[in-house]
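Both of the next two complexes hold subunit A, though its partner changes from subunit B to subunit C.
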Partner chain A sequence: MIDWLADPLAHGFTVRALIEISLLGLVSGAVGCWVVLFGISYSAESLAHGMFPGLVGAALLGLPLLVGGAAGIILAGLLIGLVGRLSGDSADTAIAVVVTSLFGLGVLLALSPESPPGIQALLFGDPLGVTEGQLIATALIGAAVLVVLRTGHDRFLAVGFDDAPGRIRGLSPALIQTLLLVLVAVTVLVGVQALGNLLVAAILVGPAAAARLLSSRMKSMILLSAGIAIFSGVAGLYLSFHARVAAGAAIVACLLAAYLLATLIARARTGITRMPPIRKEPADERASQLV
Partner chain B sequence: MSNRHSSREPVIRAAHATLGYEGTPVLHGLEFQVPAGSRVGILGPNGGGKTTLFRALTGEIAPLSGDLKVRATTATVAQTDRSRLDYPVSALDVAAMGALARLPWWKRPGRSERRQALESLTMVGLADLADATFGDLSGGQRQRVLIARALTADAELLLMDEPFTGLDATSEQRLEELIDRLAANGRTVMIATHEVEQAERWDLVLCLNGEQISFGDPASAISKPVLEATYGGHIVEIPGQPELGVLPAHHHHHGDAERPGR
Partner chain C sequence: MFEAFSLPFFQRGLFEILLLAVPCGLVGSWVVLRGLAFHSHAVGTATFPGLVLADGLGFAAALGAIGAAAAFTLLSVLIARSRRTGTDSVTALALAACLAGGVILASDVFNSGANVDTLLFGSLLAIDPGDLRLAAVVALIALGGSLLVGHHWLARGFDPGAARGLRSDSSLFDAALLAVVAITVVATLSAVGALLVSTLVVVPAATARLFTRRVLTLVCASVALVAVEGTFGLWLSVQTNAPPGATIAVTSGVAFGVALLARSRAVKRALRPLAMAAAVIALALLGTGCGTRSSGGDGPKVVATTTQVGDFVSEVGGEKVDLTTILKPNTDPHEYEPRPSDVQAVADADIIFRSGGHLDDWTDDLIKDSGSDATVVDLSQDLPVRLFGTGDHEHQGEDQTDDGEEFDPHWWQDPVNARFASARIESVLAAANPEEADYYRGRSRRFDNKITDLTDRTRTCIRRVPVGERKIVTDHDAFGYFTNRFGIETVGTVIPALTTEAQPSAGDLADLEKTIRSENVKAIFPEESVSPALSEALAKDTSASSDYSLYGDTLGPEGTPGESWLGSMKSNVNSIVAGMSGGRVTCFGGSGE
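For the complex of A and B:
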């Protein structure tokens, strides 16, 4: 058992992968809670897919992935705004049109004969190929995201609850929602190096959705979500090391297992608590003695 | 919590005000003044303009013409059926959100804000449910938590949009008592309601139906012609009160057995 745990640590690349996936789990787990709470999972996934041509372009030109991804996200955002305005369709439709087109374009680029080998890592990720420089970038950007989340925690929570204007001094609900989308974009951008374009949404949404089923307070939800994300990431890496399966696939399998487990636990719990009527009447009684 | 407007200046002053959306007027002829510490009932059919007036009072929309002045910090108490019951917050969390109306954007609510939120919950009689999950509370309790949030925001003017909708008789009575206490503390409370008899017990009444039908103390501002103009054709006789004689058709009448002593 100890060997099973210690063996992967003998290699620098697995240690780097473990650190990277833990950092990503922490940040994605926290950001993902807001994604789930605000119901913007679809936008988050779209951001990941929309930047694909940018990633492929960067790989073709030999630029850092972060740069290509950032350019891709900005381009996707501008196109979504433009298509939305030109067609007058709902935001959903504009996003779908732009993102599927961009993703298709990215795939065409990736399949072109000039494309260097290893480009499929952009789709499925390559946690074992993470460099020290990428680790540092993840740590710095992740820390910045967490600081913003912590500073804005109460405002995010209030806007998600009900976003009457004027209820929050100096910040409009629209501004807060935009800020949240920017945080999601940055998180996706950082996560894409290790997890790839297709799987990055899984670590953003999966643990948060699982934690949502099991928590009734935002703080515990965030902690649980980050915990699930880190644990699934680490477990997935071990699985991939020992069972010799693709790391990205193993991590996603663990995320899915965690979500299913959370569903079962939540089911079992409501089964127990639903039996006595816990709502309304008794609580109302207690309050009436006070008034 | 004393009356902050010791002068006789009204908290709200409407002069020839017209309200509407994107240039299209929906509420004409607003002409009224509300002194601090009043309970003001707003009567009107669905679509009569009650919510629109509240939006204008919070500054969410500007008058299309005329003048609408509010000299008070204002908070809306939304309808609880618009709040999310599966939201991961406690009653205290919601009450503490009121502090965000005052704090600069970089400051997080701290211990003193949470203490204030607890005081607000005590004021609305929910201190012992501070740690309960918001969505687990009854409709009446959720309504009072939202009022507590307005109190934490230090609101001097509270706008309650149909707060009695969906409440049982006990919760309804408790909310009425709370409104009385808020007004006794010098806060101004405006309540949109469908119940004429309720508005009669308050200090002032404003009847709206696309325009201001009447305003004043209930004894003079509510009459059969006024209610007919307010509710259009949708009126019925109040049993046993032919001299007043009208009620909105969608009024859900509470039997006397439910509320003894009325």
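For the complex of A and C:
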């Protein structure tokens, strides 16, 4: 048993992967709760493609790719917020419009012979290829994201639950939503670079959706979500090591298993006690706004 | 200006986009009204495991895509039954499940080749009759569904409470809507590819939605917008020689932006001229796309598919061929997207030289689509050295060449094959242009001498590395022919399969690390154009070097050592020998020479 736990720790790349997945699990566990509450999971999955023109632009201008990626992805987050506000349509539609247009622009820019091949993939990492620099970046940026979330907790809560008194206190819901999109964008950028796109989407949404089934208070939901993310991430890496399954996919499988377990627990609970009141879902809200 | 409309491949693309306008406009309206944009995007991406299965088990890719889309939709419906998870989270979870399944299938079960990605990159310039049929069928289904149960979809979207009164209270209706969206998306894959599906399915409907609140108007306007934006984008792509999918994406994105600004009252007066100016500038920028250049020589019109084949033809043909090479240096052959000038070049060609195997299997589509009657020469046929299987050589000798499934297509890494290809090109060119036969023969001889010289020098140089040290680790196994020729052992590869989606497992990587240590391998070779993250991480932990990169699937751009085949071979030999010997041995003075 001890060997089973200790063997992976003998390799540098697994140790770095374990640290990275724990750091990112903590951050995305927290950010993910807001993503789930605001109903913008689409952005977690797609923002990475929106940074494409930024990447190519940086390559053509000779700037570091990371700078271009950061500029592109933050621009995408801001544009989504703006389009969502101006069009009054659902966030999903805004995400689709912004991300596909930016991606198309990136493809056209990449036709330039100076742009390096496979540029999109150049910034997409694999959990087993994490570098020390990426660990430091994740720690620093993650800390900044958590500080912003902590500071703005009450405001996010007020807007997320469409709380009228909160609005009266002079908060612009559009601004809060855009701020959240930018936080998601930054998290996705760091995560995609270290872990790859598939994994980032899953770790942002899976643990938070699971925690939401088990908890009805935002703070406990955030803690639970971060815990699930870290535990599934570590379990996935051990699975990848011992059962020889592709690393990113193994972690995603563990995240999904955690979600399934949560649905079973939630179902078993309703048999004993009363189910906590169902929150108004953003999707329903949108539909009723349309009339 | 409108001569594009007379080109056959243009007409087929136009027909496809007009057919697709019906389901995309219809379904797009539902997608926008019901907030299903994420679902429509995710269905396209989630087809990946289906493509891997179709490739691994040998059935039609479209069937695999439809199967995976159905599985994804079913999964969404099942997860959605737990009411406390929002629909967008459900979609994200179902998508993650499908993609993770695809990655595991590709990396750990089938060792998939890169061809599993091809359906994810569609193009309006490579439409075949099957695509047109699928689009027509889907148009009928979308139309029928909207007419028969559209009012239920509407009622459930706007007011689930009232829907109960209208007998719309069945989640079956929602499932049907998700299914119709799914098949519409599958039909658009071959036109624009998975990442740009929303361009046709969401953006036009969202644009129309800005101006109308009535469903019928929305549907009609959306269908019209898809047709207009699609036609305009396709035409513009021919004018600017850009890929049509991306052109349509930017066109419809600009249209949406202009519509949004035009509608918003605050910016109406001040910004409207500005918005128009921005749109004009954006479209003008589109016009700066660059063309595929032909070499402009006089002689037969020749098309070469890959950069290596292009270099062989230019070595042999010199100024007496009019050569167009389709792949640009630095382009990953697996991510190739046809551009209008490519189709035109193929249509006009007298001779097409292709590299063969999965590296350029899109050539068949191009030839069919352009209606070309050129002589097609597949250089991978009848080569003196043919290896099978990527990585494991257990298939060696089995004759599975006919379906091309197991053939390792990187044949040019063996100089013996390069000499053979050069001779073959010479005889084909001489037959097509007998007056210049002597010219071709002379050039071919000279090239042959250079190859022989390179081979001899390489052999001498590798002999300076002790036998026990002739071991390398590469990240993809693209160098089987090279190592086979020069007696180098490939101890391992970092990435298990050729598709870009493949990932190694931590256990396999740990084993590779042990092997690198025990065999004392001094260098890991990342390939130019593949992300070096994994190789670097492994190199760091084993104190092997990952500083030497190799030219694998593509030659380098002009001005780099790898701009020609000879240069790329010299550069690879230098890197491999320096890497194996820990930098002690060098072969060719200066990397380019």
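Just a few scattered comments:
The definition used in the following text is that the second predicted complex is superposed on the first by the 192 of 291 C-alpha atoms of A that agree within 3 Å, B and C clash if a C-alpha of one lies under 4 Å from a C-alpha of the other, contacts with A are read in each partner's own complex, and residues count from 1 in each chain.
Quick note on the criterion: a contact is a pair of C-beta atoms (placed from the backbone, for glycine too) under 8 Å apart; a residue touches a chain by one contact, two chains touch by 3 or more.
If you're wondering where the values come from, they're calculated on a predicted model, not measured in any experiment.
Of the two partner chains placed by superposition, only subunit C is touched by A:Ala209; subunit B is not. By the document's definition of touching, of the two partners only subunit B reaches A:Asp154; subunit C does not. Applying the stated contact rule after C-alpha superposition, one finds that A:Gly125 touches subunit C and leaves subunit B untouched.
In the superposition on chain A, A:Met218 makes contact with subunit B only, not with subunit C. Of the two partner chains placed by the overlay, neither subunit B nor subunit C lies in contact with A:Ala257.
Shared-chain residue A:Ala70: touches no atom of subunit B or subunit C. Counting the residues of subunit A that each partner touches, subunit B and subunit C differ, and the larger count belongs to C. Applying the stated contact rule after C-alpha superposition, one finds that A:His11 touches subunit C and leaves subunit B untouched.
In the superposition on chain A, the residues of subunit A touched by subunit B in one structure and by subunit C in the other are 212, 278-279, 281, 283-284, 286-288, 290-291.
Residue ranges on subunit C touching subunit A, taken from their complex, read 32-38, 40-42, 82-89, 91-93, 95-97, 99-101, 103-104, 107-108, 157-160, 195-199, 202-203, 206, 209-210, 242-243, 245-250, 252-254, 256-257, 260, 263-264, 286, 289-290, 328-332, 335, 337, 496, 500, 502-510, 513, 528-531, 533-534, 536-538, 540-541, 554, 557.
Residue ranges on subunit A touching subunit B, taken from their complex, read 37, 151, 153-155, 157-158, 160-162, 164-171, 212, 215-218, 220-221, 278-281, 283-284, 286-288, 290-291.
Touching subunit A in their complex are the following residues of subunit B: 58-60, 74-76, 78, 82-84, 87-90, 93-94, 96-97, 100-106, 108-109, 125-129, 132-133, 136-138, 140-141, 153, 170-171, 174, 177-178. The touching residues of subunit A, counted against subunit C in their complex, run 7-8, 11-14, 16-17, 36, 39-42, 44-46, 49, 83, 86-87, 89-90, 92-93, 95-105, 107-108, 111-113, 116-118, 121-122, 124-126, 128-131, 196, 198, 201-202, 204-206, 208-209, 212-213, 237, 240-250, 252-253, 255-256, 259, 263, 266-267, 278-279, 281-284, 286-288, 290-291.
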